[in-house]
Structures are given as structure tokens and as C-alpha cells.
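Both of the next two complexes hold chain A, though its partner changes from chain B to chain C.
Let's look at the complex of A and B:
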């Protein structure tokens, strides 16, 4: 019970404390309107170049929109602690670092899911995409898996903030990489082999694939392997984040690197 | 707790290593703490005094587990600060001065609720404990306001409330009254004094002698990373025995005149404190030598204010100790 409470209550308060985009203006502008225009841009570009149909872009980009809140949220979850000078107080907690920081991922993942749902709904309405009602639970599941995996990916990047001063550069590059390598806008068969390999180990790639299967009316069995791979990628980043946080915390005590921000 | 002492530091040392530049990296080493040894008894209010860069904060950060000593050992509540960090962290609170260290966008209440979770305060005790602490630090009624609108004094009081959430046995206060107005500083001192009276061990670092004199059972003066003197305020005051102090308020004293004062017979130390346009010259001399006449002669032609000759205070003792280091 204490564990759940630390993750749920602690995570929610930390989200309100550290996420920069919680004001209505920032939230709507940065997380809803911006990604929607990105979706429209790629959908119209896809129509023009006849690379793929609207469903490919609308579903893929809707899943990808979760990444903005998750990648930057995960980074803010650590880097903003340094900005406020609170990191030392958090590190003085005798409680599990794993629970504290995993708990921080949950609100960002929820945030990402909300954004993905809104973007998919508005995108589908604007571009006239029909999605069967029976596909909705599966789509929700795929978007939730993508958001969670992306949240842990963001936390891994945020963990780098314990060691590197300019962690925002890494987050910006990561968002661009997700745009390119996850097969959301450029089909995987149009990318060089190494890019496809890297993409397989990024969040969103498999969630977008699963979501497209659901949106096409294919059943759970068809989407399950991709869904499983997305969750595996998420688990890998969850473990990586914990290991990096542990390493960099120990190093910060040895090198006094927390004071050099 | 098995140990007789709340805090034990034995030959603590800490060296900072820094590297700058990429093509031709330059490595620098600074020995911030060089062999600090002291013990603090349970329930004692212990002061660590020293100039900026003396090693006070580094010492505290080694004791509260945020830094690993380069060498030496330290125990808090009988637990090793390097190997038994969880046990140490459960027993300590840490408060530092300044504006940072709080979540500005949250209310005081949410700040405390969050750290209550992190510091393992039982859920059913949190509400009562937080209300109790808000009352103790005088923030009751303002707890739902965002911290970004708080004055520095209010932030400091919130820092203290946060440090006390889990009822720590040992509280580290790192310059808690820095930048706080005199009234708020007095309230802080009262709060700290009350804590010590309830049995909490307090390690306090401060620049303010009056604060240390009023609060501390014992004081260690640290300079250049080493403890230069340790004792009760009365014992430390003896370092200024045989001194006499002349204070002169002046305007526009050139550096050359100050150097001349230093060379006067019987003068041991001269300090200049600038307060706006005013310079406060403090001249320490041997007690049997009356230097006031010589000092005023050297300052002839310079606009002077109040001139005062007095017995040495703890601050004078501190200056004497640090100057001799």
C-alpha cells in the first residue's frame, strides 16, 4: 500500500511541481495544437506523395504525439529538480529511488495517452477517417503501451540529467529521432537497415504498428506481437532508467556533480 | 542508537577535482576539507563557524550522505555515512539557506505532503504532523499559497518545517538565516532553540556570531578546511583575551591608510566592513596598548563618525582565530 501511495501520490505531486506545461495555454498549445498540425502536415504530404494512406499517418502520428509529453516530461522529472535546487532533498529520501522515479512516469504516460486520444479523434474527424468501434479498446491499449514505454524512455533521458548539464539537447534530438525512426511517417521499408534496427529499440515503433493493425479492423491476435514488443522496449527503458539513476547518484556523491549545475 | 554521540567525524577530508577544456583539459584540485574531527553529543546544539569557502557546507554534505569523503569516517546516530546511508537518512533532516530548494509552483502544503511521502511519514500521521509543523514555523493560514509568492523568511521557515517532517534525531542547518531580515532571523533562532530544547541534535553553520553565541552549546571554528578552535562560546571568547578593540566609523578611507594602521605598534589585526558609503574600521590591539590616539592621528583629514573602544566579543575572538589560521 505504501508503495502504491508513493508512486501514485508522489508521482502526481511531482508532476504538478516539475512539468512546465501544465498551464492551460501551454498544455493546449504545446501538447494538443502543435502535434495536431504535425499530423495534418504529414497526412497531406503523404497524400501529395502517395506514400501511404490517411490511416497510416493519422494513427501513427496520433501514437507519436504521446512522445512529446513523455520525453520532455521524463527529462523535466529530473532536470527541473536541479533547477529548483530540490534534487539534494529528494536524494536524501531513504525510500526506494526506483519507486520514486517510476511513480513520476505514470502521470506523463497518462498525459501522453490523453494527448494521443485527442489527436486521433480530432485528426480522424478532420480528415474523415472511419475507425470501427470494435477497434477502439485495442487502439487505446496500443496508445497506452506506447505512452508508458515512451515515459520510461523519457525517464532514461532524464536520468542523464544527473550527469550532464545540457540534457535538453538530448531530449530534442530524441524527439527528432522518434519522428524519423519509428516508422510513423516514413515506412520502415523506406529506411536503411541500421535505422530500422535502431527504430526497433525505440518506443512508439511497435505501438504504432499495433495501433494500425487495430485501426484496420484486425483482431487482437494480429496486434499482440507488436504490443508485446512495445511493452518489452518499455521494460528495457524502465530498467535502464533505474540503473542510470543509481550510477549517476553514486557518482554525484563521489564527484560532487550535483553542485556543478 | 548505540553510539554515545549523535555525530562523529574522524579526520574527514574532501578534495574536489575539476576538469575544464576539451582539447587541452586543465585539471584542478581543491582540498575543501582537510582532516576535520569532532563529536556532537545527543541533544547538543553545535555550531560550525567559518568564512566563505572554509569547508562548512562540504562537511555538512559529507555528514548528511550527499557527498562521499575522500578519506576519513563519519557516523550519524552510530551509522556510517558512506555504508549505511538509508539508516542515516531516516534519522536526519537537512535545511539550507537561500531561496532555492522548494517547488515554487506548489503550495507549502503540497511541498510538505510530497516530502512527507519521500521521507516515509506514515500516511495517517501526515496531516497531523504537517499541521503541527506549519503552526511551529508560523505558516499556518498561508499553507495553500504558492511558494513562489513567499518572502525569503517564509521560505526559510518552510525549509525548517520540511527538515522536521519525519521528526529527525539530527538536524543539519546550513546557514538558515542567510538573507533573512532581523525579525525573521529572531523567530528562526527561537524555533531552533526550541528544537534543541526538545532533544533534537542540531548542527548549525552560520556567519552570524550573535546567532552562534545565543544558540550554540559548543562551536567549532573552521577555516581553510581545518578546525581552528572548538569549545563553548565562553571558551572561544578567551581567544580574544588580552585584546582591546577600537571601532571607527569613517568615510573614504584609502587602502594605504588601512595598511598604515596595521603597522602601528600594538595593533594585531585590522578589518574594514563597508556599509554603503560608511566604512567600519575595527582595530584589534594588545590590551595594554592604547592605540586609539594613534589610529585617529593616522585618519586625520578623513571624515569620521562614531569612535568606540570596547571589550572583545565572540566575533572578535572569531576574527582572531581565523586571522591566525
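Let's look at the complex of A and C:
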């Protein structure tokens, strides 16, 4: 119970402290309107080029939109502590560092899920995509798995912020690469083999695939393998983030460079 | 003459400053290349191999817009963070004349994106740089960059008032890419987007570059891009003056 409390309460307090866009207008504009236009951009481009149908683009991009909040949020969870000079206090805590930082990811993953749900709903209404009601629980599950995996991916990038001066370059490039490598916009058979392979180890790839299966009316059994792979990718990044944070924390203490840039 | 000198020296100063920022340079170089790669594979998958140069140019223009958009938002915010916004506003020249070089410099930085996507397409995908009107392409690129810089002034004027201007910039990236027809032809968009597209300099700049690439009447688009950009410049001047006085009166220049 204490562990859950640490993750939930700690994560919520940190989210409120570190999340920059405090006004509702900014939240809606940045995290809801922007991603919706991203979906529309690729849906219209896909329609024009006739690469795939609307479902492919709308569902895939809706899942991908979670990455904006999750990758930047996960990065922010570490990088902003450093920027505001509070990282040292966090690292002095007697509680488990792993739980503290995993807890940080949860609000951003929730944020990502909210963005994905809103984007899918509005995108489907605007572009006339019909999704069977029976598919909604599965879609929610796929988007939640994608958001969580993306949050841990962001936390891994944030851990790099303890070592590299400008972690935002890495985050921005990572978000752009997710557009290309996750197969959300270009079907896997249109990408080179190595890009597909890299994409298999990135968040969103399998969640988008599972979501498309659900949206097509296929059952849980059909989407379960992709869902499992997405959760595995998330678990790998969760572990990688903890290991990197441990390594870089130790190194920062040794070199007394925790708060230096 | 002194105004021209101010603009030239200011643009050079800010272009140098931006080009010293690893973040700005990395974003200007890497992200457009990723976008161009995405565009190339999308166009290939759609059986549009003959339009790959168009795709690379479109991705480059997207990069120019991103640079201007985030540059204009970031320029004001950066000055604010550095504590130099008040000094800029206190300069014995009109504020717009001091801010305009910043926004033009962001457009010039954006040309990295255009050059990078073309070089990337040529080297990696063997896209032949067979422009239908090579001279017109260069002219259109210059007009597009300067025009977007002028549009950036209008954006910057509104950004002075906002605490999180960069957040607004995030919101405007994809809509302008979409509505301006940088990769998606305007003809496939809903009818209501047509008048919106018609008043954006980005639409005509992107169209001029596309026509110079694949053939078509380049000069009317160039003229329209320049004309609308000049209107933006004029409006930007007026808005910047009003916004500056308002921010001074409310004592919120550094806090807005």
C-alpha cells in the first residue's frame, strides 16, 4: 500500500510541480488541438496518396499522439528536476528511486491516454470513421499500453539528461523518429527492413497494430500478441530507465556534476 | 540607409546566435530530414516515385515554417529569459525594427532545412534535382524565407503578450503544414480551408516552390507570397507597437 501511495501521490505532486503548461487554454491547444491536426495531416496525405485506408491513419495516429505528452513528460520528469535545482533533493530521499521515477511516469501516461482518446474521438467524427462499440474497451487498452510504454521510453530519454547537456534535442528527434519508424504512417512493407526492426523495439508500434485490430472488429485474441509485445517493450524501457538513472546518478555524485550543465 | 543597416546587422547577429545553438541546429537539420524520409517512403508506397523531388521540397518548406514558428516564439521567450527583452524594447528604434531581424534570422536558419532535405534526397535516395525552373526556384526560396520571416514578426508581436508562446507555437505547426498544401494538396481538403489557405503567405511560398520544382506559373505565386508577407509586416509593425505600449503600461513585459 505504501508503495502504491508513493507512486501515485509522488507522481501527482511532481506532475503538478513540473508540468509547465498550467493554463487550460495552453493544455487544450498544445496537447489536444495540435495532435488532432497531426492526425488530420496524415489522414489527408494518406487519402491523397492512397497508401492505406482512413482507419489505418486515424487509429494509428490517435495512438501515436500519446507520444507527445508521454515522451516529453517522461523527459521532463527528470530534466526539469535538474533545471529547477530540485534533483538533488529527490535523490536524497530515503525511498526507492525506482518507485519514485516510475511513479513520475503515471500521470504523463494518463495524459497521453486522454490525448489519444480525444484525438481518436474527434478524428473519427470529423473524418467519418465508424468504430464498433464492442471495440472500445480493446482500443482503450491498446492506447493505455502505448501510453505507458511511451512514458517509460520518455523516462529513459530523461535519464540521458543526467549525462547530456541538452536532452530536449534527443526528445524532439525521438518524437520525429516515432512518426517514421512505428509504421503508423507508412505501412511496414513500404519501409526498409532495418527500419521495421528498429520500430519493433519502439513504443507505439505494437499498440497501433493492436488498436487497428480492435477497430477492425477483430477480437481480443487477434490483438493480444501485439498488446503483449507493447507491454514487453514498455517493461524493457522501464528497466532501462532505472539502470541508466542509477549509472548516471552514481557518476554525477562521483564527479559532483549533478546540477552542472 | 540606417534602417537597412540595422536590419542587415541585426539579422546577421541573430543568425549567428541561432547557428551557435546546438539545439536549434540539431532540430533544423535532423527533424526535416526525418520528415523528408517519411515523405519519400509515403510517396513511394503510393506509387508516386515521380514526385519525390516535390516531396523533398515540401518537407523542406515544412522545416522552414517550423523554424520560423518556433524561432519567433522562442526568440521573444529567449530574450525574456535572458533579461534582454526590456533592453530591446528600450532601443531608440521602433520595436518592430529590432524584432524583425530575429524573425528573418529564423527563416534563414530554416533554409538549412530546405538544403538538408534536398541534399538528403539526392545523396540517399538518388532523387535528381531536376527543377523545372531552377532560377525561379532560387528566387522563390529567397522570397519564401524572407516572407515567412515577415509573417514571423506578426507572430512575434502576439507572442510578446503570452507567457507560454512556445506552447502556442506547438499548436500552429501542423495546421499550417496542412492548410498551406506543403505536402497535402489543398484540393483534397474541406472547402472551408480554401479561404484560410489563401491568406497565408506559407501557401503561396510553398506553391511557388512546388511550381518551380515541377512546372507551373511560379511568378504569380511569388508575387502573392511577397504581397501577403508585406501586409503581415505592416500589421506586425502596428501590432508590435500597440502590444509593446500595453506591456509597458501594465508592467508585464518581463512577466507576461
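One rule holds for everything that comes next: the second predicted complex is superposed on the first by the 259 of 261 C-alpha atoms of A that agree within 3 Å, B and C clash if a C-alpha of one lies under 4 Å from a C-alpha of the other, contacts with A are read in each partner's own complex, and residues count from 1 in each chain.
As a convention for this text, a contact is a pair of C-beta atoms (placed from the backbone, for glycine too) under 8 Å apart; a residue touches a chain by one contact, two chains touch by 3 or more.
This structure is a prediction, so every number in the text was calculated from the model and none was measured.
In the overlay built on the shared chain, the residue A:255 is in contact with chain B alone; chain C does not reach it.
Judged by the touch definition given at the top, the superposed model places A:51 against chain C, while chain B stays out of reach.
In the overlay built on the shared chain, the residue A:84 is in contact with chain B alone; chain C does not reach it.
Put simply, more of the residues of chain A are touched by C, taking chain B and chain C as the two choices.
Touch criterion met: A:6 reaches chain B, while chain C stays clear of it. In the superposition on chain A, A:100 makes contact with chain B only, not with chain C. In the superposition on chain A, the residues of chain A contacted by chain B and by chain C do not overlap at all. Contact residues of chain C toward chain A in the complex are 22-23, 26-27, 30-31, 34-35, 37-38, 41-46, 48, 164, 167-168, 170-171, 173-175, 177-178, 183-185, 188-189. On chain A, the positions that touch chain C within their shared complex are 20-21, 23, 26, 29-30, 33-34, 37-38, 40-41, 44-51, 165-166, 168-169, 172-173, 176-177, 179-180, 185-187, 190-191. Across the complex, chain A meets chain B through its residues 2, 5-6, 9-10, 13-14, 16-18, 84-86, 88-95, 100, 253-256, 258, 260. If you check the complex, the residues on chain B that touch chain A are 16-18, 61, 64-68, 85-87, 89-90, 92, 94, 98, 100-106, 110-111, 113-115, 117-120, 123, 162.
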